[in-house]
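Two complexes follow with subunit A in common, the first pairing it with subunit B and the second with subunit C.
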Partner chain A sequence: MIFEQILFFIAAAGAIAGALGVTVSRNPFYSVLALVAHLIALAVLFLLLSAEFLAAAQLVVYAGAVMVLYVFVVAYIGGSDEPLQPVRGPVARLGPLFAGVLFVEVAIAVIGSGLKALGTRGPEVQTGAGREAYGSPGQFGELLLTDFLLPFEAASFLLLVAAVGAVVLARRRRGLEDTGTVDDLARSSPESDDPRPEMVPQGDPPVPTGAGAS
Partner chain B sequence: MTHVIADVGLAESTGVQILKSIVIFAVVLQVVPLILLLERKLLGRFQARLGPNRVGPFGLLQPLADVGKLLSKEQATPTTAVPWMMALAPVISILTAIATLAIIPFGDVRNDALFGSDVGLYGIDVSIGILYAFAFGALAFYGLMLGGWASGSKYSFLGSMRAAAQLISYEIALGFSLLGVVMTAGSLSLTEIVQAQDGIWFIVPQFVGFLIFMVAGFAETNRPPFDMAEADAEIVAGYNTEYGGMRFGSFFMAEYINMIVIAGIATAMFLGGWHGPGPAFLDPFWVVAKMFLFIIFFIWIRATLPRLRYDQLMSFGWKILLPLATLNVLVTAVLVVLT
Partner chain C sequence: MDIEWFVVLSAMIFAIGVGGVFTHRNPLVVLLCIELMLNGSNLALISFARMHGNGDGQVFALIVMVVAACEVVIGLGLIVAMYRRRLDVDVDALSELRG
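After this line comes the complex of A and B, so read on.
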């Protein structure tokens, strides 16, 4: 259908523009926003491939949770109009090399598999709103818990380790004993141990730590 | 197979779809000022006042006066602001709010109802169902965030930061609270969930889930006692401090539409949707009546409970609501497998 094709080119152009915006923008805040736009365009591309669940997950997890954290942090500490310093040292020489290698690799992948599929109509899949349909949540869950069980569990274990690690690191940096709770953290300021919560200026809210653990 | 974008299981022809969208859109936008009037009237009564009663009989024309005032006000932009982003933020807010309306079911599919076409009394019935609402809910955050950041003022920024922290904290609990219903019904689609409640409404077996959903729903819609993002006693008006006129009106309208959406989702997922005594043509009225109950409840809570402190809000979300929601999912999963 013509509408699908128009939408594809809009979403594809949006994805590329977003990806370019991430690297080209000097202001980190705009970079993060460009990444959000890129992720939304990717979600539209997933929809066009009738992978509705993946599109929704992309929006909920990446645009909704991960990028919120990015925006949060960048808005707090970055986002200034200070120009970024040009990179010096060995990194400056190795950077273009890695970029070139990556470009060649992606080009091989695209030419190797992508171009071959240009003349075909794509795989025959059962689409529709039913439970057995391709890309539906039911199919997705079944594949995750049968064929891809091991990678799925490994990925979730990795995330758990990362979450625990983030909590441990955050606690160590604040110099806290294990007895401190989040409530104490929010109430006590470093200068005073005044137990009256209403007299103490509110300390650093424990938000980034907790959100990071999610 | 001709599908335009994804598969949404539409029962009707394109013309009827457009007509349906316009009806839902128009009706909800007309209802928002009326809810505003209802809220002001009820708040007045709760606080032993009369509420607005000067414009028109019983103050019924007050919403018209409010909208007229908002439309004719000047849009002030601070010199530190980013103007284009400040204009974009309310658009994101209201767009995501209205888009979410599409999945609220007001009734089952009516055969041969309009111009010889079947009509489902809902916007769309997507296979991902409730996840659609979460996807747009996730994007709705950027309306508040960009609005606060682009205003270039401290209070706006603080408000948007609070909105960010609050939304990610309570969205997980909100999702988990609905997971129990999804597992019991065996479907993500809201219409199928309502059909599964033919015998017993899910508020009975999923009462804990219902409570968690209501609490997290208050937080997601930024309604008191969870309105930390605009807490007017602390940070002026939070993310919309620098907004005026209809841009402020858009944020305001988005909040009320979000309230309607949460009421609609709660009706469909817990209160049996269109099920109720009487002939079939009463179905949409049952849905509206149940949603109305929830909206009254939202207003009642606003008038009754004081605002939480910020750290209380966070520790409540992470230490009580989330474990409770997880436990609810676990117990429901065990019960679903056993029965």
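After this line comes the complex of A and C, so read on.
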């Protein structure tokens, strides 16, 4: 029990430190690294709540895949560490104050709520490796394919739409003068026989015979 | 460890994310702060799932993770498109829909 409390406070301190590091650091690259640390600390908290599958998904999908995407984009754009300009809007100046007020409000709402079970550790659940165990992949799969089938399918469709949208957004246009209207997007499909000079190097270069065969 | 602690911690993470969204001008960091807010809500969902002792809240959290991944993909695609068209990568400069 005492071990659990120590682990909670270590992980909570790591999560808060990571979150503060994301917002405080001026270089976006350090922000991304701080978010990775934050996600790892959150995975420990998920394990304390006996959500083993979600902790694994958090580490593999979030801290692994999504953060790699962030790192690539930061490396592509270049971490322009922006100095804080003295002239900012009132929204930016009142931001930390608003965040503090929001935290106090939510904390009062949580502590003062009438939910009796908030002060407990939750009911005893079956943990372990069984199919019925709490937070196991078996329980997840059963819930996703029975009770939550429609949200599951909607989520997969959302992923498909996002993938197509990312390809449309990030592909290379013809030039800077191209304003990229909807008609233009429809016309400039890769199948068009429009001889563009920058499309030529995308074809296979003529390989000298014998060079690539061996 | 009581569930209350986890919920208060998730509120704190969410508030830090809100403050970051307000104070930053780089859209990359704004996206990272939105991730923080989503993670705080995920922690609250999982805490309440543990409080009730069933897995429904965990399924919600998984779907929130899917939505977060979609949001990252679209947001980063927008930022890359902005950068390619030599626009200023700054949320204050992008106040119009047409670039």
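Note that the second predicted complex is superposed on the first by the 132 of 214 C-alpha atoms of A that agree within 3 Å, B and C clash if a C-alpha of one lies under 4 Å from a C-alpha of the other, contacts with A are read in each partner's own complex, and residues count from 1 in each chain.
Simple rule for what comes next: contacts are C-beta pairs under 8 Å (C-beta built on N, C-alpha and C of every residue); 3 or more make two chains touch, one makes a residue touch a chain.
Given the structure is predicted, the values throughout are model-derived calculations rather than measurements.
Novice: Thinking of the overlay built on chain A, is A:64 touched by subunit B (first), by subunit C (second), by both, or by neither?
Specialist: first
Novice: Looking at the overlay, what does A:76 touch: subunit B (first), subunit C (second), both, or neither?
Specialist: After superposing on A, A:76 lies in contact with both subunit B and subunit C.
Novice: Considering only the touch criterion stated at the top, classify A:28 as touching first (subunit B), second (subunit C), both, or neither.
Specialist: So A:28 only meets subunit C here.
Novice: Please indicate which partner A:3 is in contact with in the superposed arrangement: first for subunit B, second for subunit C, both, or neither.
Specialist: first
Novice: Using the touch definition from the top, say if A:172 reaches subunit B (first), subunit C (second), both or neither.
Specialist: After superposing on A, A:172 lies in contact with subunit C but is clear of subunit B.
Novice: Return the chain, subunit B or subunit C, that is in touch with more residues of subunit A.
Specialist: C
Novice: Applying the touch criterion given at the start, work out whether A:47 contacts subunit B, subunit C, both or neither, answering first, second, both or neither.
Specialist: A:47 sits against subunit B, while subunit C stays out of touch.
Novice: So which positions on subunit A get touched by both subunit B and subunit C?
Specialist: After superposing on chain A, subunit A residues 4, 48, 50, 53, 57, 65, 69, 76 contact both subunit B and subunit C.
Novice: Contact residues on subunit A for subunit C in the complex?
Specialist: 4-5, 8, 12, 15-16, 19-20, 22-23, 28, 31-32, 35, 38-39, 42, 45-46, 48-51, 53-54, 57-58, 61-62, 65-66, 69-70, 73-74, 76-77, 80, 82, 89, 91-92, 94-96, 98-100, 102-103, 106-107, 110-111, 115, 117-125, 134-135, 139-140, 143-144, 147-148, 151-152, 155, 158-159, 161-163, 165-166, 169-170, 172-173, 176
Novice: For subunit B, which residues are in contact with subunit A within the complex?
Specialist: Going through subunit B, the ones touching subunit A are 1-9, 125-128, 131-132, 134-139, 141-142, 145-146, 149, 157, 160-161, 164-165, 167-169, 171-172, 187-189, 310-311, 314-315, 318-319.
Novice: If you look only at subunit C, which of its residues touch subunit A in the complex?
Specialist: 1-9, 11-26, 28-29, 31-33, 35-36, 39, 42-43, 46-47, 49-53, 55-56, 58-59, 61-63, 65-74, 76-81, 83-86, 89, 92
Novice: Which bits of subunit A are touching subunit B when the two form their complex?
Specialist: On the subunit A side, the touching residues are 1, 3-4, 7, 29, 33, 36, 40, 43-44, 47-48, 50, 52-53, 55-57, 59-60, 63-65, 68-69, 71-72, 75-76, 79, 127-131, 133, 136-137, 182-183, 186-187, 202, 205-207, 210-211, 214.
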